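Have a look at these structures, which come just after this line.
In the two complexes that follow, chain A is the common piece, with chain B as its partner first and chain C second.
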Partner chain A sequence: MATEVLWWIFAAAIVGASAGVVFSRSVLHSAIFLIGSMAGVGAMYVFLTVEFLALVQFLIYGGAVTVLILLALMLTRSDPTGRPEPVNGPQLPFALLVGISLITILVAVALDTAWGDSGEGPANIAIETVSERMFSDFGVPFVLSSVLLLVALIGAIILARQEEGE
Partner chain B sequence: MVPLENYLVLSAVMFSLGVYGVLARRNAVLILMSVELMLNAVSLNFVAFAAYLDPDKVLGAIFAVFIITVAAAEVGLALAIVIRLFRNRATSNVDEAASMKW
Partner chain C sequence: MLFADPLFGLPSWVDAVIRVVIVILVMTLVVVYLTVGERWVVARFQQRLGPRKTGPGGILQGFADALKLVTKEDIRPTNADRWVFELAPYATFIPVLMTLIVLPFAKDWGVRNLALGLFYVFAVLGLNIVGIMMAGLGSGNKYALLGGVRAAAQMISYEIPLVISLLCVVMITGADMGGGVGTLNLNVIAALQEDRPYIVLQPLAFLIFFTAMLSELHRAPFDIPVAESEIVGGYFVEYSGIRWSMFQLTEYASMWGFSVFGSVVFLGGWAWPFGVDAHWTVQLGTTLVKSLAFIIAIMWMRVTVPRLRIDQLMNFSWKVLLELSFLQLIVNGFILLYDWPQELLALTSGIGAVVLIALIIRHSTAKASKGLVGTYRTLGSTPQ
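Coming up: the complex of A and B.
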């Protein structure tokens, strides 16, 4: 019972923080809300008994990604003193329409489908099992993702560096 | 025990908020943050499905690890592009970078 109450608290926090990300007027507030949303998803991973993934989520999203986004926001302040620019474009009604229709369809599908849930819920997932599968069955994608990270690293350096004569 | 549908509805709400953000925002960094919301919703969905429906129960976590890896690479590259755009155009609004628009 206590688990359900906690779950609803965290779910409300996630929905509130995500709404803050997309509806907030200030870009910095959006970034702060994003940290809350990512941390909430990490808590959801704990409810799903994948504690390893929760740690990864806190470290990479809560730490690295949000710090990167905050740095980029501060490096690209176009008008730090003057009036704030409108954060939303003229396509706002269309975006609202798409968002509302998508949420209706997705929730209807999620609730109407018989998922064949066994009713036993999440069992404990040991980190050893995850790593064994990751390094045996998913060995090639694992190595490929390291290549992807290396290419992205070099590409980001080349894109962002100051060229001569600039 | 929390039923599977709760997780599905939660991630559907997150994903739709992300789609709304991607479509409505002007600032490229804000669009990127909305994309992060969508990616998180998807990986939460993967893990929930694996925990409730898959007898294996491990695949969801592995998929989520790969999603996080690709998302990290994507954020690094996209922010480099935004900084380059800002240096060339003095703006990070996507509707002002329209010189390739036909």
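Coming up: the complex of A and C.
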């Protein structure tokens, strides 16, 4: 019962923060609302008793991705304060296209799914199981994806170096 | 092993609230005494007395400072982004408070005993940087912005060696638990060190952890985000009064938290040398002495080593610490995979630690390069 109440509180918080991302007039505020939204999703994983996924959500989306966004904001904007900026531009039709098609897909999937109460509580997955699956059962895809990331990393370094040399 | 049963048969959440309140009260007291303790230690190193007038021997100095800070005026610049500016101290402090929840101070003496404790600590500590960047961006001040950028760059760089050095220890817990899967549970990690602390097996990982910890704490010699003589205080330059003291609270609370965490992972926590079944006062005392040793070492570094320049800082992380930590991880992997004796772990890691220290000494005693150095070199080479 208490979990259910908490669930609704966090659901409202996620929706509110996500609305804040879209509607706030300053990019800085959007980025901070995004952190709130991501952290709320992390809390949802705790309710589903997948603590590992919740912590990964905090680490990757809360600690890394949003820091990257904030760092980009710090380095690129001419006005570092959080003053409102006009949010329109040549990307408007593309943004509309992407947004509307995403909403259509999500609504279609939601309507298509048979929502039922399975009656089962969420099962706790031990981290040993996760690591077993990742390193033994799916070892080759894991190695391949790490090679891909390494290539991306080296590529980024090469691009950054070329820029500096000129 | 069972840890942290609810106190007196209370419901789980009441028990959790009581434990959190106790941890917060202890933390406040520890922070008050760390601020004045740092002044005493630094004064001792500099052959002066330090604050000795308030109360017998100066023991009330911390409370006097706290009272002064609370009654000071809280100023918000008109240029600042109001909500970002005002919420930044809380966003910095809350992650540090959250990490205190999993730290085991003695057997059964912690708020919660999480199976993923070690992972939790660095996942939550990663959120700390968000508050620092909010302070940097929201203050509307160029120095604060510079401090925020420096803090972010530094934190991203040093988090990798920090995490890898902890993973080296986690690998060994697997061998200690009878081969196979290790553990991330801080209580179990402490209990596994009943016979010998992991610093004996992993001196290199400990050195890397300690260095990266100094950087995460923004302590000298890695204090460039808050360097007073360079950017007049860094990201909290515009703060005053109670909000400024929240940043100080964060700094000292995380110093304490990291000290307890480091002593649990590397120095044997509450279990070594008196064993898992020692009386709780002994275990609590062990943790206290070990974390105090950590804190004194941090302060010792502050008064001994001069501040690094930003390019030296980045070079040290990416060109020295990262490689050595990966090397440690790979060597550990080989030794544990083939079930070679644990003395070999100590030997290889010891050689690595000696190499690291020799590198640092050789670099610091080398002759200063002539002319422009570091990042200025590329600028200087272009035609004037």
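In this text, the second predicted complex is superposed on the first by the 123 of 166 C-alpha atoms of A that agree within 3 Å, B and C clash if a C-alpha of one lies under 4 Å from a C-alpha of the other, contacts with A are read in each partner's own complex, and residues count from 1 in each chain.
Here is the rule we go by: a contact is a pair of C-beta atoms (placed from the backbone, for glycine too) under 8 Å apart; a residue touches a chain by one contact, two chains touch by 3 or more.
Given the structure is predicted, the values throughout are model-derived calculations rather than measurements.
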First, second, both or neither for A:64, with chain B first and chain C second: both
Touched partner set for A:74, first chain B, second chain C, both or neither: second
Which superposed partner A:92 touches (first chain B, second chain C, both, neither): first
First, second, both or neither for A:52, with chain B first and chain C second: both
Which superposed partner A:130 touches (first chain B, second chain C, both, neither): first
Dominant toucher of chain A (residue count), chain B or chain C: B
Footprint overlap on chain A, where chain B in one structure and chain C in the other make contact: 52, 56, 64, 71, 73, 75
Residues of chain A touching chain C in the complex: 26, 28-29, 32, 35, 39, 51-52, 55-56, 58-59, 62-64, 66-67, 70-71, 73-75, 80-83, 126-128, 131, 164
Of all residues in chain A, those that touch chain B in their complex: 3-4, 7, 11, 14-15, 18-19, 21-22, 27, 30-31, 34, 37-38, 41, 44-45, 47-50, 52-53, 56-57, 60-61, 64-65, 68-69, 71-73, 75-76, 78, 85-89, 91-92, 94-96, 98-100, 102-103, 106-107, 110-111, 115-118, 121-123, 125, 129-130, 133-134, 138, 141, 145, 148-149, 151-153, 155-157, 159-160, 166
Sites on chain C touched by chain A in the complex: 79-81, 83-84, 114-116, 119-120, 122-124, 126-127, 129-130, 133-134, 136-138, 140, 142, 145, 148-149, 152-153, 155-156, 181, 184, 378
Touch list for chain B against partner chain A, complex: 1-10, 12-21, 23-27, 29-30, 32-34, 36-37, 40, 43-44, 47-48, 51-53, 57-62, 64-66, 68-77, 79-84, 86-87, 90-93, 95
